[in-house]
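The structure that follows is given in the form of structure tokens.
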């Protein structure tokens, strides 16, 4: 994916030069190892600011709503599925977008690399299958790229964009040998009490900064239910029940829409894996309705439609 | 909700037509029995907020 | 707690179950007094937050009926 | 200079003794990072940490705290009348707070301890707390405390400063509160360290490579900075989560909320964040800071300009680097500070947004 | 340490519905403890936090005047959670008041000066407080001419109608009442928006004349050029700002505009002050 940078710059420059778009949304090099910052450029000569590597984990679909310009956006598999969801939900207009597809081989989990590494990381480089960490004391380390991917990327089966106007590179081979729901099954196998304890423990460190919600491209409600005051659904303090209610309800709101892009987990400052909640709903949608979010523009979402053969065993 | 640790019998769904008063009575009785068997809901109830 | 009686918050569709409840009442049928009925215009109005809100406030069970 | 030497045995013994009279708060390893927690009996603070991911500001300013309690039961005589909530203000000691976080408490104090009003909750907790700092010998790449009037061996806001010395610790007692604590713990082994403390300080300061310039911020015109052209670029990536504000040791904004349970209610306060749109929204729906740009600008302007102008005590940032490390989209206060500090209004028109 | 967050308990003594849409009520509050009343020493232009147990607090300008003893008056618009609940309360109910908060109109500076008051809608509360204060026989000689321009959407939306009529009759104050529109054939006062009426009726600005302006943003926006035309410079235009507040004592941080905190350093600012801060109100 390293080689994508040149192509990304080239495409951005051309689109702006030809005035096909007013702005291009991509990434620029971050100020820290393993961090890139989403940015926009409006002038062709700024195209060289853009980069693309294994640290572009932020979901750029987030930055498309509420804009009037004609925009070009770089989209990984998950980003493109969220763009589809946005189009279906009338949040963005297809004809105002130029989607530049980026076939993806997964993003690096910076927390994982940091926790595996002893000592201060100075910089991190990568090639097709290795991640190379340079330490500030001069030493260096190498990891197998597959081993330090974000949790969702390691399990991703839609690495290629599903919708695009042009591509940065040839499509990549999809992973077929992954067990997507192993962690969800593990929780399903617990009994009620264990599950309750499990989630209590999982969500206990939450500081309610709402980074998960704000990083999520699905969470675009003008007023989130946690902010509503008439009625006020939940308290605003550090009460554990309130915290759990927030996470459970947020997950419900993502049912049948979540693409498991991993933005929530990546954004969380205290490292909560709230994907364990959204993935359950993703799994249910897949198993009950054969539905995966954002795969096509021509189909209404599972929870948006009624089919006579929908499962209804739970109804008396 | 079951997944997040609420007992399955604490949540029921049903379909009753406006003419089916007998079914209504049946369902109410059945649910009440089940919940009685389960005992009171002690988890996931917001008690007084516990803060500093 | 021997005298404990469950509180079941019931969300009933105005056109279906609420009608059935009404009919049951008019017909003087007997049923357990444990349900607290919330009439909703349609089960489509139901939202997970209602169910969670009921449990948070101390309901012992939630029943949604169309 | 006289310092107290504390070997490992004395340290363990001292902590144990202190546990009898003080509530002990110290860093503990939890999952994959350190947090400041109340220590259990016999538990030692784990001093092998760079810095905690969350700042220890909650020791004096809990994220949620009760203010008042009341009853809504009309049969009771004091129905609807607010009463002080019972609180614990017993003496406590925070062990191993970093100098940057200790200075942050002093900056926050400017807000809560004013001539006109004093915040009783914050001040009582502050007064109940003895601050035992731990100097930083291995700062992170994101640390820029030497640029913010602090430093890895900064003493402001501390009662005792500890520094690692091989297996043991060296301590410098800075206040009478600190002396009391040292006496209570039995740390009395004073010796002349022959300047080792100062040498270690200089070495640590030299390790801080990240620097920002703040020299021009004071003289720049508020409205010109406010109308500067770089805010759109700075704020673009922001997702308006409250991570930076919640992790920041110097952010103090809060919200007051009533919660009722049955007939009993309480008024409590919770941290709030200028990053959230509802922070400033009026009941009419009008929001003076309705856009992301305005909110991001407010955060940086408050920290780097308004605070400086209001109190003349430097910027409201201690250079701990938490917001830099944890920002999900890598918005870097050092970059923003440089942009602001080097801003010249000549080539940009100051439009109010 | 006195707790500045603790409200004084008060009882609602009287409720007056002010306007025809019934969304504005004036509450007369009486302190339960005499010593609290003595501590609550305020000046016209200040506000207080009204506190309702279980609901929260709201900052409201004090409508009564320091020269009126024994009670406080607040005119409250029904809008949010707290105000809606307040509107459902009855005489005799217990609630809380915390204050007085913020600064006041600069009475020391205004001594011996002519005063123009321009108000619109339900922002007239602290202006009423000011007028009553200035008209007090002890205080009236300390001020020059007093002119008041007050407008509302319709006659039924005017606050304190009885007092307005009384003031209208006096010769030591010029009151110009106006409404945006009316179909009442007996309406004997002005019709038109506040800014043009100000232009017609208000005195010219000079060294010795100050304008106090309080009203909805749109009114303020169009009144400002009118005052400029009349010769008021920005140091002579005094305004009261409104921002979302919680603590009221400058600590919670939300009402900040620039380095000023509206709740503590304000709400009263001169236009010249306001021009020096970012426009975030």
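Each chain carries a letter (A, B, C, D and E) given by its place in the written order, and its residues are counted from 1.
Note that a residue touches a chain if its C-beta (ideal position, glycine included) is under 8 Å from a C-beta of that chain, and two chains touch if they have at least 3 such contacts.
A quick note: this is a predicted structure, and the numbers were derived from the prediction, not measured.
**Q** Measuring between Cα centroids, what's the chain most distant from subunit D?
**A** Ranked by distance of C-alpha centres from subunit D, the top chain is C.
**Q** From subunit B, which chain is the farthest off, judged by mean CA positions?
**A** Farthest from subunit B by mean C-alpha position: E.
**Q** Counting C-beta pairs in contact, does A-B beat A-C or the other way around?
**A** Ranking A-B and A-C by C-beta contacts puts A-B first.
**Q** What whole-Å value do you get for the distance between subunit D and subunit E if each is reduced to the mean of its CA atoms?
**A** Here the centre of subunit E sits 38 Å away from the centre of subunit D.
**Q** Would you mind pulling out the distance in Å between where the CA atoms of subunit A average out and where those of subunit D do?
**A** Computed from C-alpha means, the inter-chain centre distance equals 31 Å.
**Q** Distance between subunit B and subunit C based on Cα centroids, please, to the nearest Å.
**A** Computed from C-alpha means, the inter-chain centre distance equals 9 Å.
**Q** Can you pull out the residues of subunit E that are in contact with at least two other chains?
**A** 80
**Q** Could you pull out the residues of subunit D that touch at least 2 other chains?
**A** If we look for residues of subunit D contacting two or more partner chains, we find 63-64, 255, 257, 259, 268.
**Q** If a residue has to touch 2 or more other chains to count, which residues of subunit C qualify?
**A** Within subunit C, the residues that touch at least two other chains are 48, 52, 56.
**Q** Along subunit D, where are the residues that touch subunit E in the complex?
**A** Residues 67-68, 70, 72, 79-82, 84, 111-112, 114, 116-120, 123-124, 222-223, 226, 252-258, 260, 265, 267, 269, 272, 274, 279-284, 286, 288-289, 294, 298, 301-302, 305-307, 309-310, 352 of subunit D touch subunit E in their complex.
**Q** Could you pull out which subunit B residues touch subunit A in their complex?
**A** 1-8, 12-15, 27, 30, 43-47, 49-51
**Q** Where on subunit B does subunit C make contact in their complex?
**A** It is residues 1, 6, 9-25, 27-29, 31-32, 34-36, 38-41, 44-46 of subunit B that touch subunit C.
**Q** Which residues of subunit C touch subunit B once you look at their complex with the stated criterion?
**A** 1, 4, 6, 8, 15-24, 27, 29-32, 34-35, 48, 51-52, 55-66
**Q** Per the contact definition, I'd like the list of subunit A residues that touch subunit B in the complex.
**A** That would be residues 187-188, 192-193, 195-200, 234-235, 237-242, 244, 248, 277, 280, 314-316 of subunit A.
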